[in-house]
Amino acid sequence: MKRLLSLSISAAVAAVLSGAARADGETIAVFTKNQTNPFFQAVRLGADSAGKQMNAKVVHYVPTKPDSIPEQMSQIEDVVVTKPNAIVFTPVDYKAMNPGIQKMNAAKIPVVNITDRAEQGQFVTFVGANDYKIGFDTATHLLKAMGGKGGVIILEGVRGSITNADRTRGFNDALKAFPDVKLLASQSANYQRLAALQVMENLMQANREIGGVLAANDAMATGAIEALEAANRKALVIGINGTKEAVDAIKAGKMLATGDYSAFNQGCIGTMAALRQLRGQPVPKEVLFPVMVIDKSNFQPYDIPVDKRQCPKWEDMVKG
Amino acid sequence: MPEIPRAGPLAPAAASQPARASVRWSRIPGVAYTLAALCVVFALTSKGFLNPTNLANIGMQSTILLLLALPMTLIILTEGIDLSMGAVLTVASVVLAATVVKTGSPVLALGAALAIGAAFGFANGALTAWVAIPPFVVTLGTMGIAQGLALILTDAQSIVGMPESVTWWYGGFLAGIPVPLLVAVAAYLAMHALLYHTRFGTYVFALGGNPDALRLAGVRGDFYLVGVYALGGLMTGFAGLLLTARMSAGHPTAAIGLEFEAIAAVALGGTSFEKGNGWLFGTVLGVLTVGVLRNGLNLLGIPSAVQVAAIGVLVIGALWVDSLRTPG
Amino acid sequence: MSISGVRATARTDSDVPLFELRNVSKAFPGVQALEGVSFTIHAGEVDMLLGENGAGKSTLMKILCGAYHADSGEFLHHGRPVTIRSPADARALGIAVIFQEFSLVPYLDIAQNIFLGREPRGRFPGTIDHRQMHAEARRLLDTLGVGEDTHALVHTLGVAQQQLVEIAKALSQHARILVLDEPTSALSEHETERLFAVIRRLQADGVAMVYISHRLPEVFLLGDRITVLRDGKGVATVAVSDTTPDELVTLMVGRRVDMQYTREYSTSPGEIVLEAKNLAAVNGIAGVDLTVRAGEIVGLAGLVGAGRTEVARAIFGADRTTEGEVFVLGQARTGGPDRTVRMRVALIPEGRKQQGLAIVRTVTDNLVLASLKRLFPRGWYSPAAAARTAEGNIRALRIATPSARQEVQYLSGGNQQKVVVGKWLNAEAKVYLFDEPTRGIDVGAKAEVFALIDQLVKDGAGVLMISSELSEVVKVCDRAYVMRGFRIAGELVRAELTEANILRLAMHHA
Amino acid sequence: MSELVAGLPKHDWSGEFKAIGYRLLAVAAMCIALALVSDAFLTWNNVLNVLRQAALLFLLASGLTLVILTAGLDLSVGANVALSACLAGTVMKATGSPALGAALGLACGTLIGAVNGLLVTKARIPPFIATYGMLWVVHGVTYWYMAGSTVHGFPANFRALGSGYWLGIPIPVYLMFLFLAIGVLFAQRTTWGQEIYAVGANPVAARLSGVPIHRRLVLVYALSGAMAGLASLIFLARLNAAEGDIGESLTLPAIAAVLIGGTSLFGGIGTVGGTLVGALILTLVLNGMNLLALNPNSQPLVTGVIVILAVYLDMLTRKRTRS
């Protein structure tokens, strides 16, 4: 049994080494939060695509337990030992990863912060989207579609996560502009499908008339849609992230819109930024993607499955 | 295993069986060999595995788990279990963080963490020993309670702004040695002394092996049982200090589920769930094996999915080896 | 083992007894365990306590060591009245009991076990002075002439060694009165010799010993004074020199067995229902040949630890056989107990609660457990049908239970035994392996169990009965095999079937 | 022998039903309380809603009940649900055949369970550790297989399994009661069920009574796996999507439901019916806390308290029937 184990490990090792042989350029370590959320899969694919384009080796580090702080901390420590040329970094928690960030900085490895803006630490640049503005714009989009009246429900993500804080803040600020719209409830469903479904089912009991649902991500939005369909209730639903699933729902007319969080491009541009830094090319202090609300009118470009997409040109994405 | 009569070696039937000599080596669990094998493989295949910084990393990363696994060993020796440790660790960590932020006094904060840890431990022990509810149930319940508390206290936000006096406990050095390593060694030595050189330790073995013997010897086993769980809580509370230091923050879900890893490490170390049959240093080996596996696979950049499966294979494999070595 | 053992003791009859019990009575729900029993203990003597199982020996000892409280009666220590309310009181009086189930902790070493609860204090509070502890343990073992390493973990020791550790533990508590409850029941001959040597040393040191046994040779080898219990009453106390084995047997047995139990022995047994040929198994037995015919009760006698239970387990397929074959009704047995049961073999194990019954389940559940396939061939279980079957058993076997839905754990030992037997009646077993069927059940129930066994063979079953009680074997069996050292030492047909012959075969030197 | 009967407790009615009775009273009490504080509670829709949410939990817990009846444990059911759902989902998408997908999902769940059973019996690994190791292995396979993607959008006829209605009652509710019936029949009305109770109550006695305990144990773990597979299908049909992490939050609540339902960790005592009540109690609490918009952070706390209380009260009632 022991022998079997060590054999299997050395086998895996061999596989990786041979896989690594391909890239002859720099090595980029990419940190994402978990292996289960499609969003981060898109980020990883973006990074890979950029790595191919610019002929660099991309290695991914993902906690075995989703969003585990101590594990990402350990992975940072381990990576610092292997000394990659640069790191593309999404903190699992924007506050509680500072010691890890300090370790990377101390090791003089250039770090590009993507997706969630870490509270402290020196970064080459931040690449991401403006969560607040996405929340605000998508919410406004929905409220307009509701004709500025009726009742809405907010499905929050994981309490304490920066994205959730900003997105819900955007939702609420958008609501201020529509005095006739009533906020029926704002509950957390932890960015999870089942949680969203059940919270929605329960809220539908307490609220007879639900005009719209503001979900802080697409998984919760689709969960809400399932709940509504099961109860034969109609409501306009928006989500955030622009995942394939949401695009399909929009095509099918089940979902009103989703805010593009451009996960794939975050992976692309984040990795490119790291490589440009290494290769002495200019990199702006911050790359924020323009907010884009995807609906029936403009979903075509997002309809391509992520693993088929190609990274856009740096110049097209980063003006000036 | 169900089909073997529980009677074990003490049953008269054993009269026929030859008495096996107790050689320490025969009690070394399969995990020791696995650990050695892993080290060799990683030393050969990955750059920097043997690099001192990396070895130190493995030790530091394993410290918090070790602080849970050591008392967990004692608890399992009493044929008990503590499923609440991960959650209690979390709540201790956030309480510590909150206190230090509010009062600015790390001493007070540590006191609070230790107190809440010990309180949970005592509750576990009391409900087990005096109300006679199975420890699995008790600690499954207190796990939920601690988890809820952590979330309510923080409203699911992380608490930041730890002073250097706190972060030193994970990031600092003493005589050029990382503090966590010193803590780990100290914790092991303390637990070793406690288990093998004090009455308390002797009675821990007796609680699992033959509680009646304890009663006949006129020892109040129940007090010691409560003591074991309280000790577990206390150590968990102290681990809260290192966890907070490590994140330089208190986070309401940071260590959820860690107790299962601790239990697995104890089992890997060759401690059985029955009759107070166990070995404290085996637990250290168990913790290190998991640590080395994760570290090595990270160094090699092995995909996370493979890491997850590998941990499962390790746990099952090592215990399988042990069961092959023990005659049915 | 010759009866001419040298006495290493000075008789001290004239002295005041070291300890004395007067008119001790104790009742349990449904049973009067002890009734006005008196008993004296003399320093430097071995006071034998004889009696069949259920005669009240163990109860008396549990009272002596404070495990039970006597309902009435008084205790005198050096003639002064004392009370024993707890094990602590007993210890204070220097009384220590070596029970059959040891009070040892498997994964602590010998020294730790000897001093459990009384560890010598080390330099720091709460710590233990291992050096001193092991030194003292060493000394104790040496005084007993025992060589084992004091660092050996107890679970690695054999039963005999564990027993010696128990004795050392007692001595370390400065016990002056040592109670040995059937100490040789699980020992090999050699181990027994060693134990006797230890006992003589202690005797020489003036330790008083109460030695419980129903084995006459031991009684005459070691005893000074003998007290015989029967049905919870002390029937006699005699000096060894003034009595004979026959007298003791009549004292122990009385005429009860004759009155309550007789059977006409089978004159014309039927075909062979069970046959073992040169059977050897992982549990240690070897070269076992035996046959059981329909209508026969065949005894499997011998001292405990001679390998009788192991033979039963091997026949039943509970322990893997390494050599030889077993034939049931002419067919070779293969596989585990589940196959054996289908060949209509029944095993009534000695440890009812541990091996015979699911005590948290109801009488009904237990009664139908072995016959589910027969009663419900389609696999559909009918509680009603099961209850009917159970009610039938309860009536037929006169099982005393408030209802078939009663959990078995609340039944008395005798009734639990009946449930186990009933289980196999329902399975329509043709071969029954009884392992100590009357162990730990009261006298009335015993006769019923035998009547039951007799009925089984009358109905054409074959029975192999393991028993440590010679009188039982002699009374009940048509034939008997006697075991020694995990082999069959010999076979005794009805005519030769006497306690003396059994003992000769069981203890005879090669 | 008649004096032997004296002093024995009269065992009026079998403890299990009594235990369930007490729990049903608890459920009733909770319902009344909730009805008083929230007018939304006692609406037909919300009742269906509670039942539908309890269904998933119960299906998972019902299989687990059998395992715990044998004094075992299965920590891998959650991971099992995730892998089975993902496999079934992807196959369904690839082949367009719900039947094939469902079959594979069930097969996957059953296989994982059977392997657990073999690890416990043949490899003699304690159930806790064996199934915990299995949890990691299954997660690993799932993560690798899904590679962070989501599978979604299944044919309507399949989704009816989770979100459909018949005579105004959700399909999952029918499934819940169907499998309650099947579970009760299996445990109480088949010889296998009886043998499983016996194995849990005393494995040695069961073996010496001719029960093939290894085969029964493997069967029990396989059934637990199969129920996980079934639950995964309901899950898939309800959410119309699956990703790698769906199972993580399911295992402990399922175990809690079994314990609240009065099944003893030491084996041999407990009923599938009790587990249903346990699942209902847990669901009611969460439903009520949602309706009252109570802080969701306190949900684990409340669950924990209920688990301890339920088992404690259970012990009290058993003591009463015994002494």
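Per-chain numbering from 1; labels A, B, C and D assigned in written order.
Rule of thumb we're sticking to: a residue touches a chain if its C-beta (ideal position, glycine included) is under 8 Å from a C-beta of that chain, and two chains touch if they have at least 3 such contacts.
Note that the coordinates shown come from a computational prediction; the quantities given were computed from them, not determined experimentally.
Graph distance from chain A to chain C, where chains that touch are one step apart, equals 2. The centroid of the Cα atoms in chain B and the matching centroid in chain D are 29 Å apart. Look at where the CA atoms of chain B average out and do the same for chain C: the two points lie 43 Å apart.
Between chain A and chain D, the centres computed from C-alpha atoms are 34 Å apart. Looking at chain D, residues 139, 143, 147, 204, 207, 297 sit in touch with two or more other chains. Residue numbers of chain B whose C-beta contacts span two or more other chains: 5-6, 155-156, 303-308, 310-311, 313-314, 320. Contact of a single residue of chain A with at least two other chains is seen at positions 35, 64, 159, 188. Applying the touch criterion to all chain pairs gives A-B, A-D, B-C, B-D, C-D. Across the complex, chain D is touched by residues 29-31, 316, 318, 336-338, 340-342, 347, 349, 354-362, 365, 368-370, 372-373, 376, 379-383, 398, 400-403, 405-407, 410-412, 414-415, 423, 427, 444-445, 448 of chain C. Residue ranges of chain D in contact with chain A, taken from their complex: 38, 40-41, 43, 45-46, 49, 52-53, 139, 143, 146-150, 152-153, 163, 170, 235, 238-241, 243-246, 248-249, 286-287, 290-291, 293, 296-297. The part of chain A that touches chain D in the complex is made up of residues 34-38, 40-41, 44, 64, 66, 159, 185, 187-188, 192-194, 197-199, 201-206, 219, 222-223, 226, 229-231, 243-245, 248.
On the side of chain B, the complex with chain A involves touching residues 30, 33-34, 37-38, 40-41, 45-48, 51, 53-54, 57, 60-61, 64, 154-158, 160, 167, 170-171, 243, 246-249, 251-255, 257, 294-308, 310-311, 313-314, 317-318, 320-321, 324. If you check the complex, the residues on chain B that touch chain C are 5-10, 12-22, 193, 197-200, 202, 205-206, 208-210, 212-214, 216-219, 275-278.
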